[in-house]
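One chain, chain A, links the two complexes that follow: it is found with chain B in the first and with chain C in the second.
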Partner chain A sequence: MVAAGLYLKRFYTVVRGEVLVLPSRVIVALFFLVLLGMPLISQNPYLIRVIVLTSIFAILAASWDLLSGFTGQMNFGHALFFGVGAYASAMLNVHLHIPPWGSVPLGAAAAVLTGLIVGIPCLRLKHTYLALTTMAFPIILMGIVFALPDITGGELGISGLQRISNSLIVNYYVYVGIMLVLCTIMWKITDSHTGIIFHAIREDELAVKASGINTTRYKLMAFCLSGFFAGIAGGLYAHYMRIAGPSTLEVSMSFTVVIWAVFGGIATIYGPVAAVFILFPLLEFVRFWPEYRMLIFAVVVLLILLYMPEGLIPWVRDKIEKECPRCKIRNVATRKTCRICTAVLD
Partner chain B sequence: MKRVTFGWSFFVTLCLVIFMSVPVWGRTIKIGVIGPMNFVQGKGHWNGAIMAAEEINARGGVQVGKEKMNIELVKADSNEFLSMTDATNAMERLMTQDKVDFVVGGFRTEAVLPMQDIAMDYKKIFIGCGAATKSICDRVAENYSRYKYWFRGTPFNERYLVATSFAHLGLAGATIKKELNVPVKCAIVGEKATWVEGMIKAAEATIPKMGFELVGVWRPSAVATDVTAELSAIQKSGANLIFTIFSSSVGITFARQAGELKIPAAQVGINVEAQKDGFWEATKGMGNYVFTMNTYARGIEVNEMTKPFVETYIKRFGEVPTYTADTYSAISYGLVPSIEAVGSLDADKIVAHMENREYMVPSGKVKYQKDAQGRPTHDLTWGPGYLTSLGVQWQDGKLVAVWPNKWKASPTAPEVTYKGMVPLKLPPWMKK
Partner chain C sequence: MAVPFLEVEALTKSFGGLLAVNNVQFRMENKEILGLIGPNGAGKTTLLRLLTGILKPDSGSIRFQGKQLVGLKTWDIVNMGVACTFQNMRPFRRLPIIANVMVSCLSPRAMKRGEWVKVVESKAMDALEFAGISDMALEKASTLSQGDLKRLEVARAVATEPDLLLLDEPFGGLSPAETDLMAKSIRRLHKGGRFGRLHSEGPAMIIVEHKLQQLMKIVDRIIVLNFGTLLAEGKPDDVVNNPQVIEAYLGQGGGQ
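Entry: the complex of A and B
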């Protein structure tokens, strides 16, 4: 009892000292709480479906940010990893009867392998050339899908996949839980030593090389990590929709991911996640005006990018928080002095 | 005075609210219409459903047991050409938010399969009006207890589409032999698209068996704006019959340039652009004598229901109905009579009734099939006496029907001719 009390007190101290000091952390904590508590408020299947699909696409958008946002390897064909994950999971589940718990990670492994295969030739390319080359890969894979209809189902895709769970609530917690865990892992990666090197490669690859770091290894690692997370998203999507079809490889899928990431703010991980959680439900919300759904979506995206070129979330964060000019620690915008070094904030 | 004014205002408002709420008191049958509503296919779904609902409601609604119920349509944009997730979300919304009793529509197979799964989860009858893939109906036979709520409304499955095309080729080949007294040399021209692959394979295997010489296969882009190279090669090959497989804009380009160059060959097959009223204008009249498969045509009576349906549709929407407008038949002749017969909205009872019925629709007679093992597939029966579709040809600015005209599916089968048929015409420049 005493030990529990001590733990509670410590938890309260941590929350008060680490979370409540910054609005952005409060928002993230609320985001976790609302998502995890949502089924307690409503078990509406439509709402749950929208949140589950949003969670899957949030993983995909964050995985793009890990590769293109942090490492600067502009990938315009991210649907490749998503599609490989979806098709590999579907084939393993339907043809070899491997349950989702095995087929999704194995699908992700296939996407990692694809990341390696794509990454190696792409190492020689930069900027626009890299972007255009990556765009070609999902199209090539789609050609292969259509060329082998006996294995891939051709135009119809592979249908009849097993669900992760038949329970609405279990499904919800599995998908949302995986999203929260994977996005936290991606955010921790970008905050780690490896993440700093990714960042540095994007800013000045030559300087990183001059520091004795094998940038090739790190760029390949970024392709593989991004492929892994996108592959998981693809596998989850296939099992949720119960079909893996050519639409998972479409160019529009690749571009939608880029739109989400740019809208939320690249090189942040949480930006693309937030963007998906705003834009995907928004498209559902405007179903009452079906003729103008896409127009409304486009206007919202354009307005945000016009007035917030760094993306929505960094803009919001800059409005509610200030960075200390001396110790670089973030403070709530209403503070006059830094909460750590007491330097005067501008 | 103020009090009196407020009191009266409150009373009037209350009366208005009660008056406006009256229709809500009566239970309605909610039918979800799902399709790509910003595209011609979805518009067809919606137009057909509107016509059905208006007709049924005008005659007092549907008799469900002792109660009369009106039909209420719920429009759902699946956006399935652009997004699969949009399609499934729209279906989930129909099931859980709009709480529809039945669903009609769907077009792209990749979207229809997951939409079918959602409807089956909720045990709601879903009548597909767009996807021709056979495997959607195979699911009914394989897992009847789960998929029995699915029925195909239109079109008949892909195998029968191919069979119909070959019947059209047979008619054109016979006409060439009879009128020109030359052997038939056939070229296959299919746009570069996946759905064409299977048809080309089937055509390559079947055309020689029909006694025609196969001179080659050409695959222009689906959006080609110039096909003169292909046309020159076809002319050089000596082809006098061209089996076309087009669903995109290349159908216009090919017909126009073939007309301009006066290629001495008859174009027969599928050309979706040629099914539209605007084809003549789009080809500047050069699409004369182009022959394509279609479901409806002006002035053709497959049965006594065809003419009233087509004419009312043209009057209401200004165009000949496309096959996705068969949501009209699915509601008016499929669902409603079965609901009235069982006197309930219970899906299981309606399924049991519907799958054993044979009923007339404006495009023919519907009978749901069973597979070789006798399991219900809820797929449509094709052939004489059932659904056949039409073969239509542009003749001097008019889209007229030329098939089935004394058509026999087999030597022993009955002859089929619909009212309003005219003979197939070969381009006059073939006779020189």
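Entry: the complex of A and C
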């Protein structure tokens, strides 16, 4: 009893010292808590469906950010990884009867392989050329899908996939849990030394080479990592919708991902995730006015990009927190002095 | 016979019809400081870029400690111990200064040489300390002045603990005071020793520079390039009094 009390006290100290000091961390903690506690409050199937789909697309948007936001390899064909993940899991599940816990990782492995295949020819390309080339790949794959209707189902896609679980709540926790874990992993990657090299490659690739870093390896690594996470998202999507169709490879899918990431703020990971959690439900709830649906979406995105060119989340973060001019530690905007070095904040 | 430290033979590189580097050959001893001078457009920067593998030569060979460098990737060459700085500084502008140097510290060569240094950050900090900009370690690189950017370039190159350091205009755009400081750092580096967690055996250097007065005080030997060809080679005093060199810099009869 006493030991439990001590642990609780310790836990409270850590929470107070590490989480409650910054509004952004409080928001992230609340986000985790609300998502994990949601089924306790409401078990509305529609709401749960929206959150599950949002989670899947959050993984996808974050994986785009990992590749294009961080290493600057502008990928306008991110639907490729999503589609490969979806189709591979669907084929493994429907044709070979592999259960979801096997088909989703194998689908992700197929997406990693695709990342390698796309990454190698794209290594020499930069900027616009890279963007245009990557855009071509999902279109090519869609052509292949239509050409082999016996295996891929052609325009109808592969339907009748197994659900991960038949229980609404278990399904919810699997999807949301996977999303939270994967996004944390992606954020951890970008926060590591590898993340610094990714950043540096975006800034100036030649200078990274001259620092003795094998940029080819790191760029391929970015393609593979991004493909892996997007592939998982694709597999999860196929299992949730119980169908893998050509819509997963559409150009609009690739561009929606880019819009989400730019809206939330690129090169942050949490930005695109937050953007999906704002924009995707918004797009669902304005279904009440179907004729204005895309218009409202476009207006919101345009307004944000007009007034917050860095993206929504970095803008909000700058409003509620400020950086100490001396030690660069972030502080609540209401503080007068830095919480670490006590320098006066301006 | 001992293997020469650096041996460049019949190196040629042309851009379209322009022969930027034409049949250049020279040798270099370990721990030597070599000045590389010449009028604008003489091919000095091109020569450095050929040495680091950023450009591929049309023909010729570069042997560094007996190993052929032609055909190797830039990062392999850097990891063999040839580091370079850029004439027009190329920092990672949106990253903090310390992260700029950490990229170098994460190269295989730097990681191998500092096994007892577990923390990459502290090694990067020592490189900044050496270059004299450690006080600004957390600022973004875009906030740096011209002189500090030059120092950042040097810090980044030194962080890989090179055996051969190629400096492209280290004094370019610096005030006289800053130039003196930079010259001091270069001499200190050449002497070798420990700079915090960094270890230097005193690398050999090739310095491209236009400020001859400063350069003369540092270098052991000078090579003069003109229109891509080797014009003269020798002790600093001999070279500046060489009539061919004077002609190349100032034109016919310019020495009078």
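The rule is short, and it goes like this: the second predicted complex is superposed on the first by the 346 of 346 C-alpha atoms of A that agree within 3 Å, B and C clash if a C-alpha of one lies under 4 Å from a C-alpha of the other, contacts with A are read in each partner's own complex, and residues count from 1 in each chain.
Please note the rule applied: a contact is a pair of C-beta atoms (placed from the backbone, for glycine too) under 8 Å apart; a residue touches a chain by one contact, two chains touch by 3 or more.
What you are looking at is a predicted structure, and each value in this text was computed from that prediction instead of being measured.
*Asks:* Tell me which partner A:R339 touches in the superposition: chain B (first), chain C (second), both or neither.
*Replies:* The answer is neither, since A:R339 touches no partner chain.
*Asks:* Chain A residues in contact: does chain B have more, or chain C?
*Replies:* B
*Asks:* State whether A:C327 touches chain B only (first), chain C only (second), both chains, or neither.
*Replies:* Second partner only, chain C.
*Asks:* Applying the document's definition of touch, where does A:R25 land relative to chain B and chain C: first, second, both, or neither?
*Replies:* In the superposed model, A:R25 contacts neither chain B nor chain C.
*Asks:* When the two structures are overlaid on chain A, which partner does A:N214 contact: first (chain B), second (chain C), both, or neither?
*Replies:* second
*Asks:* Given the touch rule stated above, what does A:R242 touch, chain B (first), chain C (second), both, or neither?
*Replies:* In the superposed model, A:R242 contacts chain B only, not chain C.
*Asks:* Examine A:L156 and indicate which partner it touches, taking first as chain B and second as chain C; both and neither are also allowed.
*Replies:* After superposition on chain A, A:L156 lies in contact with chain B alone.
*Asks:* Given the touch rule stated above, what does A:D204 touch, chain B (first), chain C (second), both, or neither?
*Replies:* second
*Asks:* Just to be sure I read the superposition right, which of the two partners does A:I196 touch: chain B = first, chain C = second, or both, or neither?
*Replies:* second
*Asks:* Inside the complex, what are the residues of chain A that reach chain C?
*Replies:* On the chain A side, the touching residues are 193, 196-197, 199-200, 203-204, 206-216, 327-328.
*Asks:* Once bound in the complex, which stretches of chain B touch chain A?
*Replies:* Those residues of chain B that touch chain A are 37-38, 75, 77, 79, 82-86, 88-90, 92-93, 95-97, 109-110, 113-114, 117, 133, 135, 139, 194-195, 197.
*Asks:* Mind listing the chain A positions that touch chain B in their complex?
*Replies:* That would be residues 44-46, 49-50, 53, 146, 154-157, 159-160, 241-243, 245-247, 252, 283-284, 287, 290-291, 293 of chain A.
*Asks:* In the complex of these two chains, what residues of chain C are touching chain A?
*Replies:* 52, 54, 73-75, 78-79, 83-84, 86, 90-96, 99-100, 102-104, 106-110, 120, 138, 156, 159-160
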